[in-house]
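The data blocks that follow each hold one structure.
Each of the two complexes below includes subunit A, the first together with subunit B, the second together with subunit C.
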Partner chain A sequence: MAEGFDIDHLAKLARLNLTAEEKVLYSSQLNQILGHFQALAKADLPATIDLARVVSESALRSDEPGPVLGAETVTRLAPASRDGQISVPRVVDDEA
Partner chain B sequence: MDEPLHTLSAAELGRRLAAGPLTSRALCEALIVRYHAVNKKVGAFTHLDEGDVLAQADASDVRRKAGQGRGPLEGVPVAIKDNIAVKGQPLTCSSQMLASLVSPYDAHVSDRLRAAGAILYGRLNMDEFAMGSSTENSAIQKTFNPWDLACIPGGSSGGSAAALAAGLVPLALGSDTGGSIRQPASHCGVVGLKPTYGLISRFGLVAFASSLDQIGPMARSVEDCELLLCALASADARDMTCFAAADRALTPAGDAKKLRIGIPKGFLGKGVGVEVAAAVTAAIEFYRSQGCAISEVELPSADLAVPTYYVVATAEASSNLGRYDGVRYGHRSATAGTPVEMMTTSRSEGFGAEVKRRILLGTFVLSAGYADAYYMRALRARSKIRAEYLAALATVDVLLTPTVPTPAFKVGEKAADPLQLYLEDIFTIPANLAGLPAISLPCGKSGHLPVGFHLVGAPLSEAKLLAAGRLFEAAHGFAHQQAAL
Partner chain C sequence: MSSSPSDWEVVIGLEVHVQLHTRAKAFASSPWGFGKEPNEQVDPVVLGLPGTLPVVNREAVEKSILFGLVVGSSVPEQCAWDRKNYFYPDNPKNYQLTQKDFPVVVGGQVEIELPGASRNVMGEHKFIRIHHAHLEEDVGKLSHAGSGSLVDYNRAGVPLLEIVTEPDLRSAAEAEAFLRSLVALLTQAGVADCDMEKGQLRCDCNVSIRRRGAEKLGTRTETKNLNSISSVRDTVIYETARQIRELEAGRSITQETRGWNAELSRGYVLRDKEDAHDYRYFPDPDLPTLRISRETVARLQKLVPENLYDRQRRYVEKFGLPFTAASVLVVNRELAEWFEAAAAAHPTNPQGIANWVTNDLLRDLAASGGAGAPLTDEVLPAVSLASCPIKPVQLAGLVKLTDDGVISKQQAKEVFAEMFKTGQEALAIVDAKGLRQNSDTGELEKIVQEVIADPAVAKSIAEYRAGNEKAINALKGPIMKRTQGKANPVLIDQLLRKFLG
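Moving on to the complex of A and B:
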């Protein structure tokens, strides 16, 4: 069983507001699920992580400018915008 | 020539379109009539832009008349799960968070379908952000299994599987993070393939768990599934996990009657329904009768797959879904105060219960003091599972199991028990953890509900899986089965 499970702390980290009922429900469900995860704690596991790709990785592409969406499209998608920019609540206080 | 168009395979439709006089407009008009007659019962589509569909069909007909047809999918409709971007169409992921989002760009697979001449046909329902196994987690609507409307179609690509089984469309795209193509394919009696990790670009797929997510084809026949796979798979520099052109050659199929088939020890026992076990055993005996070598293989860490998956997938999801903060796109709460309050309230209003549950779980397994015990151990377990699968696949060509332990359950039956739902994926998850290709094929019924079996192969062995499927299909004729509605 997971010790020290703190639903309020988790909700804060996850940027979620939970109602009192949700806290009770999620605490119970997460404890049940984490109990199932205890199979991992008991398992004999390799010391190293080997998730190497199955085919050689040719990952890096050249750093060249590609097509962009453009300011008009981006601000149209945004919940709020003004003068071609995305607007958000005030971030910096007047006194700061 | 008198069969209704909605009963025909994509390959047959492509042949008739090429030969004439069938036009893509006539085909799409017939499917739109079918949509109006059936979709309300099944709930597979969340959106169909009829004007756009008919405009694409007309353009296809013009191309074909001019001798500029683009191949076997020219003029054939393909429906798309609502987490894959199509320019100008909704991209909701069946979430309130993205309820008003219209995609400003095409996914790589959408580009590929347009290049193949296919018609991008409507948006398919899914579990919110692909998190679920029943499509009950959609914030838009429920989807019902066409074989029994009281039952779930599976998930998260439940809309895709239900649309195929209901004859609403001949081809569909799904995405698969832990079984989300194969489990609904099994429950709805259709074919679903999750390709090798890296075979199909995820550019334009809304991310859930990036080390596991794959887009894949779904169809009513193996031939159709292969047609769609061939159209989708190509190199794409916009997804750095997508194989470069030089690395993507598939292993040749070989003679399906000479396949070495491994049956993982214990996989037909505990928790598997009697009729599911009988149907899958019959499939094994069919392959034996064809000359395939059947042997038992050991996968000793198989029991670790579900906990490993739910640690890795939720950890990645909690990170990927951090981007939904109400700032750049998606839902923003009207009650926003400070920036942090805006983000927190927007997320709390926009996400549904299962998404919140997984974000909380993923946040926990990554949090200070717990990451070593959960996330890092899960990565080590994943390494072990992958090594065991690769070792087994060095001795056999494919592994055969049921796709799902039991047939589709009633709507609402498991809604209050997330752990029971997570166990739906017990046979499908290892292929995602190990990056392996896997296919679900129909192999009978449990009562009136379809049962599927599951083949997993070595990396890039899709041609072998499809050849095995064709052999089975030729003898069992499931390609023409469709639910009566």
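Moving on to the complex of A and C:
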């Protein structure tokens, strides 16, 4: 079965550091899983909406504000925080 | 060989992200609002904690549909949500809920008005097609400090309508006109507040150029996260010039994501979020497909306000307003409705009422401060009439008093100032101040004759009799002075002409 994916790329997207052995193992397992989808892929279906599970507007929530956790709880859930904010390694968006 | 910029045509498409006017978030009940302490508006659903399930906010859906109706889109029978997967700290649950294949708004168009040759001339109108608009959730806000970054999730989960245009815009001026029109439509329908200073409207701007007359689109760049209309305009100008320079130097355009530095007025290449284009969308398993009933659509259709340019045409055609006045009134629905209420109370002189509204009322509202944001480059006339001390019917009363000759235009200014200060009726002020214009012909005749007899004005009389029409004005001043400005100017003019024969 031809591999429809690049294990290195997938590992990068999922932020996983895989060893060479793991790459071989997971490639094989992923191939098996993807094999199950081959049958669907052959059916050449257009993108259609999932009508099997449709709800009406009564399933929507009203625009009523509810309780919040509070900054103290939110930051406690994170590995590191500072001044009520969650602290993470620097991600840069600004002009290089 | 170099060519002039006019040999090139710029093609622009915009993706406009608008925070919808709701109290709770898009898929969670957490409240949201600008200016709160970091992470104080976060609940377990926003964070995607285990065991939580999102539920769509009805108001967010209805505001989205309302926008669709405002731009004349067809409201689909169903819409659905997808997960857009990426790892980035602004995204608390590693996916963003969005609509990829079945958005809530499909198609539609926005009428725009380009600047005219001068302020009092209407510019060209065009229609810009909307490709679609989808209802998604906003992400958290990052700030960068030293070696680390800080994350505030207050903004995460805020309902965001992403409005995507067709590549129909052809200049920076058109992009600017489009955004101004869009902001007016969104605010007038109550869909969004579009306060750009609070980041409630952000824009991604796709720009490409091609030889004039060419069919094929050039390679485009996308400048992300522009948070003002002027940034969009400047980006288009900058990108157009840059791309022309590149192509004319024999280089090619790289399809890239760019940022804009508003302080330095220059663009730069963004270091792309790694593999940002591989979002691995799939239908969100937590949110079922939503069926939109035709009853809801019919109910929302009734909330669609008159389009601002339809209103402008009506003001010019029905009320005979000059373009300058009509164009100022229609960008603010509250102001337009205030004007119409006044015009209805005194139907014979809508132009006179429009003059008072666009000149005196707007000026005094802006000066009184509490009336809302001033007229700036970025924000449409955002005056609020909620605290306006003058009621429409009261202004109508003032205009009627001048039209009936009870008070002069000069006296009316004084009365208006008093009305704005006290909220009293025009007539009450006129009576209290004894401002009634003197239209007593007998008394005025006497004064006119006395003034004419004064040797000081003999020269002016001679000039007038010699055919200099304007010389008659020199006689009006002394008459006004003697009547403390209360004389009816029309009557004075008639009397002078009668006596000078």
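As a working rule, the second predicted complex is superposed on the first by the 71 of 96 C-alpha atoms of A that agree within 3 Å, B and C clash if a C-alpha of one lies under 4 Å from a C-alpha of the other, contacts with A are read in each partner's own complex, and residues count from 1 in each chain.
In the analysis below, contacts are C-beta pairs under 8 Å (C-beta built on N, C-alpha and C of every residue); 3 or more make two chains touch, one makes a residue touch a chain.
Since this is a predicted model, take the numbers as computed values, not measurements.
In the overlay built on the shared chain, the residue A:Tyr26 is in contact with subunit B alone; subunit C does not reach it.
Applying the stated contact rule after C-alpha superposition, one finds that A:Leu69 touches each of subunit B and subunit C. Applying the stated contact rule after C-alpha superposition, one finds that A:Leu77 touches each of subunit B and subunit C.
In the superposed model, A:Ile86 makes contact with both subunit B and subunit C. Residues 13, 15, 47, 49-51, 53-56, 59-61, 69, 74, 77, 86, 88-89, 91 of subunit A lie at the contact with subunit B in one complex and at the contact with subunit C in the other.
Of all residues in subunit C, those touching subunit A in their complex are 22-24, 28-31, 37-44, 47, 49, 55-61, 78, 80, 85, 87-89, 101-102, 142-144, 146-153, 259, 261, 268-271, 274-275, 278, 280, 283, 288-293, 296. Residue ranges of subunit A in contact with subunit B, taken from their complex: 2, 4-5, 7, 10-11, 13-18, 22, 26, 29-30, 32-34, 36-37, 39-41, 43, 45-51, 53-56, 58-61, 69, 73-74, 77-80, 86, 88-89, 91. Listed in rising order, the residues of subunit A touching subunit C in the complex are 9, 12-13, 15, 47, 49-51, 53-57, 59-71, 74-75, 77, 82-96.
Only residues 101, 104-105, 196-198, 211, 237, 240, 243-244, 246-248, 301, 303-304, 306-308, 310-311, 318, 322, 325-332, 336-345, 347-348, 351, 356-357, 359-361, 363-364, 367, 369-370, 373-374, 376-384, 386-387, 418-419, 422, 435, 459-460 of subunit B touch subunit A when the two sit together in their complex.
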